[in-house]
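Heads up, the next two complexes both have subunit A, just with different partners, subunit B and then subunit C.
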Partner chain A sequence: MKLFKFFIAILLCNTIISCSSDDDMGSLDGQFGNLVIKFDNGVEDQDFIFGVNYSKSANESYQLETLKYIISNIELIDADGTTFMYPTDDNVFIVDEADANNAGEIWITLEDIPAADYTKISFGIGIDQERYGLGAEGQGDFLQTAQDEEMLWSWATGFRFIRLDGVYSDNSVTNEALNVHMGSVGTSLDNYREVSLDLPNTVLVREMAEPEVHIKADISLVFDGQTSVTFSEGYSQVHTDETTTPIIADNVMGMFEVHHVHNN
Partner chain B sequence: MQNFKQYIFLLLLVLFAQIAFAKVINHCDTRYEKSIKPYCDLCGCATNNGNFGFGTLSNSNFIGFRYIHQSFKSRDGIFSDSPSSNEYLNTYQLWTQVPVFQSFYITASLPYQDLKRTFESGSTTESLKGIGDANVMGWYKLQFLKKQNNDSIPYPVGRPLSRHSIQIGIGAKLPTGEFEERLTNRVNPGFQVGTGSFDGIFSLGYNYGGDKIGFNALFTYYRKGENKNEYRFGNQWSYAGNLYYKLALNTFSLMPFVGISGDDYDTIKQFGETLQDTDGQILNGTLGAECTIGQFILGANASLPISQDLFGGNVQANERLSVYVNFSL
Partner chain C sequence: MDKKIVLVFVCTIFFWSCNNNSPENEYVPINLTVEHPENFPEIQYTLSNNPVTEQGFELGKKLFYDGKLSANNSIPCAFCHEQAFAFTHHGHTLSHGVNGGIGFRNSQPIQNLAYFSEFMWDGAASHLDLQPIIPITSDLEMGETLSSIVDKLKADSYYQEQFPLAFDDGEINSENILKALSQFMLMMVSSNSKYDKYVRKEEGIEFTDTELEGQSIFKDKCASCHATDLFTDQSYRNTGLPINPKLDDKGRFNVFENPDDLYKFKVPSLRNVEKSFPYMHDGRFASLEAVLDFYNDGMVDNGNVDESLLRSDSSFGISLTDEEKGQLIAFLKTLTDDEFLNDTRFAEF
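Let's look at the complex of A and B:
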């Protein structure tokens, strides 16, 4: 009986003195951490894979061999509403499916972010007029990167914000060329779009932690988003047209969602 | 024999007390160091053995060895066609049920986990080995007595025992296994040797033991604690019911049984926030047998899921096997 009492006493002690969370006690001021943003391209609930045939509206189907887009102006908003814009010079990225890892994810690592509890993320698709206004010189290394990735027409025309190359088929044609190259056209047509997404869980950026934001991009929404477009009716070749490009831009704006976050 | 029992009990007591204290000290280390990840759990789902039961079918006192094999299939990505991985969880467990005094006994188990994971996409294999989470419970057994028959002469020794009994258990799951935070980023957060948390366990059981047929039912609630990484596995309800048949032969007795068991998990919380798609439930059907030869109790059973919905459908439980060899005390 004495033994038993002793045993229960041990259990009780354990319960009482087991302490819970004890980090986060200090101030976050002056702390910086990294954040990984993973882009994961899919088609509806399927993973996107090059060369696979995906069907869309109007009995059309498509398969792609190029899929890339420009993400810029990533901004984080914390629980208090304070915003943090990643430094402009480094705040432009090309998300290229060809660069995806084994899991099909393209990672962007943001460094030296002020430690905070972030609840929202926003970013732009493409290049805004302000950045374009910096001129070719003002683009830094990104100009060369964009050229190498074939995401630039010419300086006067500007950047391609999204680039899809492949073929499409419908009831009457098979494997016709499909090239959707949407961007702003110089300063005359502005197709830059911004999205703001709520994070399903708070992202805790800390010096000792590297949280991850997993963003799912549903490529089917490029064609069947806000507006459903038909390849055979002018959307198999989208380049600098002032009617078709804004529609694609609006569709692309709606294709992102934060699937989940990981706090490490 | 009495001395032997006390000896074993003392031994276990010291062992578990040491483990508990060692971990408490570790747990209260206020420095938050990511490089050290001394934590573990039972995600209810994988590293937990709740509905395998705490004791044997015949509810006898013993010390023994149990092997549990479980297999899961987890989706390794966010799409419906994302590649999956197979997880094989092998648990080697020392377990015991020791009487303390009349109507009161203690069950305890200390597992060694050997977990393996293979990826469909490639030939990579991950493995994780180590001491898992120990489990200690105190039980009070309420043995009902037969109804007094007014016509009969009262027995001087008291009323005979009825076939019904109830047992109530309270205990804890100790964070003796290591919890690795990085592993929670995978789709099956239960791929862990331990949960890193100190959990409360509350059980209520009912037994009926007839001459030929018997029935056991057990309801258990796991109140999960938060681990050092502010990760809290979902509270869990487990239930199990087994119907057995006693076959007494000359030199041994055999008890085949059929049963169902299930678990219901609440969502996982991290940093005080609920993580999506981390709740679920599973119902298993079990077939097995227990055999008593002299002082030895041998048991084996196999379970298959009847219905399940774990982690938003991202984790699929497959078969479970359990084999044990016990020495009666």
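Let's look at the complex of A and C:
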């Protein structure tokens, strides 16, 4: 009888463990932790602030009242070259400057990351063709979220990958409308881009630690990146044009860098 | 022996404790098959991402006929897509929406959409699931947002019960709303017209001499664009319609801002064309006669007219005698599918 009670007790323990999703076996195998990615928008060596006038090339300046972009397909690569792609259905985020904390950071918390020593991070800006081609499949609430954030076109079924709204001035005009709404257009024009960034020090994801990756985005590079563009020459309104949108997409790809990493 | 029974009982309890499905609202899908007639091209929609089920179809139908999808709760999809007129807005050149808004274009039929890869007159939607977002959010049509629709449906007892029956995760969210609408539309296949039965050699159906003449003219002068048994090659073309300065609708140009796309519109399917009047992207022609008269002698050179419409005397048009027009129309009427137009599966009541 004693043996039987003991057996039941063991069974009970096993059952409780099997219902739980965070097994802890001591080694890194089977260990999971969270990782915070902080997006911090700036303009060159200044913090980005709404309504502040920033100068750029060609004697032009701009100030913004909306600044947001879509980040997706976040992937982590560890020291051995093993990759971990965050689960696709949850791997799409809107980084909205309006949601930033007082330090100007927008936090994305990734949950249940396999514990490992990560040395690289890569992610996409916008929505790739594969995800777009699924239609509603796997999108959950994201379509309504994107619409609420005004990152979904209503006249066409596509996403805005980056949205900058404000005004610009140059030698001849003052406070003219500036609207950069770059995205792919259906399946015909693909403006999705990916970046891969080395981490300055290894990120240690552990069950009991929540490391933070601090990514800076230099908004000035949207206009003065790989290619310098001029507002008065067709870049004050960027929507679906097949010449201007890929140039903005390439510039946006170059605006991110990992500034530092905190291992807690 | 008793111990064994207790053990089995205990195990059963523990396995159940991991499972939190309640027996009511159970997801037991009954699969439906999207019809693939032998004379049709391949299905374009990826059905494996959104398998059509009886419960999803019923939910989609309810949504299609529900005014809650619009800002004032009174403009359902079906307002501009009536079954008897091949799901178009009978007789309206342009459709109207919430708050008296008037749209820019003539509502298109909803039929055989499983076989299409792009939607709208300008191809602004490249996935069927995402197409409804355009009319739902247009200020001139339904003037709603997906979030607001989700909130309204969550408060409705029918939807509280039907979403868990239609989808494994049971969520009332934009993904499942759009999937259900797609399931309803995917089932809407029109393939039983006199033409279909004639080409498939069913029921001993024969064409009259006039219809045969019309078919021969059609193959000769129309079928390069109105291709396949969908009667469209799904391309975008400028047919030299005089520009209406009030609308100045630049067509596919609006999507890419590409000058080559100026005034191009999707080649429409001609199925049920007898019932889907008025015609052209802005509904300017009330009858098929008016359309054929336009092709014969109404085209203007707006700078980007499709080259296939250039005649040897360097004017644009498709030359048709009055007799040929009559024969063509007789042929076009063989594309009317009364079984589809009266199919109770798609009807509101």
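Quick notes
As a working rule, the second predicted complex is superposed on the first by the 232 of 264 C-alpha atoms of A that agree within 3 Å, B and C clash if a C-alpha of one lies under 4 Å from a C-alpha of the other, contacts with A are read in each partner's own complex, and residues count from 1 in each chain.
Keep in mind that, in the parts below, a contact is a pair of C-beta atoms (placed from the backbone, for glycine too) under 8 Å apart; a residue touches a chain by one contact, two chains touch by 3 or more.
The model shown is predicted, which means the values in this text are computed figures rather than measured ones.
Contacts of A:E130 after superposition: neither subunit B nor subunit C is touched. In the superposed pair of complexes, A:D47 makes contact with subunit B only, with no contact to subunit C. Once the two complexes are overlaid on the shared chain, A:T157 sits against subunit C while remaining clear of subunit B. In the superposition on chain A, A:Q139 makes contact with subunit C only, not with subunit B. Once the two complexes are overlaid on the shared chain, A:E65 sits clear of subunit B and of subunit C alike. Contacts of A:T240 after superposition: subunit C is touched, whereas subunit B is not reached. By the touch criterion stated above, A:L189 is placed in contact with subunit C alone, subunit B being left untouched. Touching of subunit A by both subunit B and subunit C, each in its own complex, is seen for residues 4, 7-8, 11, 15, 18-19. By the touch criterion stated above, subunit A contacts subunit C in their complex at residues 4, 7-8, 11-12, 15, 18-19, 132-145, 147-148, 152, 154-157, 185-189, 239-242.
Residues 9-10, 13, 17, 20-21, 24, 27-28, 30, 32-34, 76-82, 100-101, 104, 106, 121-122, 136, 138, 171-172, 174, 181-182, 184-185, 198, 200, 225-226, 230, 270-271, 273-276 of subunit B are the ones that touch subunit A when the two sit in their complex.
Per the touch definition, subunit C reaches subunit A in the complex via residues 3, 7, 10-11, 14, 17-18, 46, 49-50, 118, 123-131, 133-134, 137-138, 145-147, 150, 171, 173-176, 178-179, 182, 254-258. Contact residues of subunit A toward subunit B in the complex are 1, 3-4, 6-8, 10-11, 13-15, 17-23, 40, 42, 45-47, 102-104, 200-202, 204, 208-209, 212, 214, 216, 259-260, 262-264.
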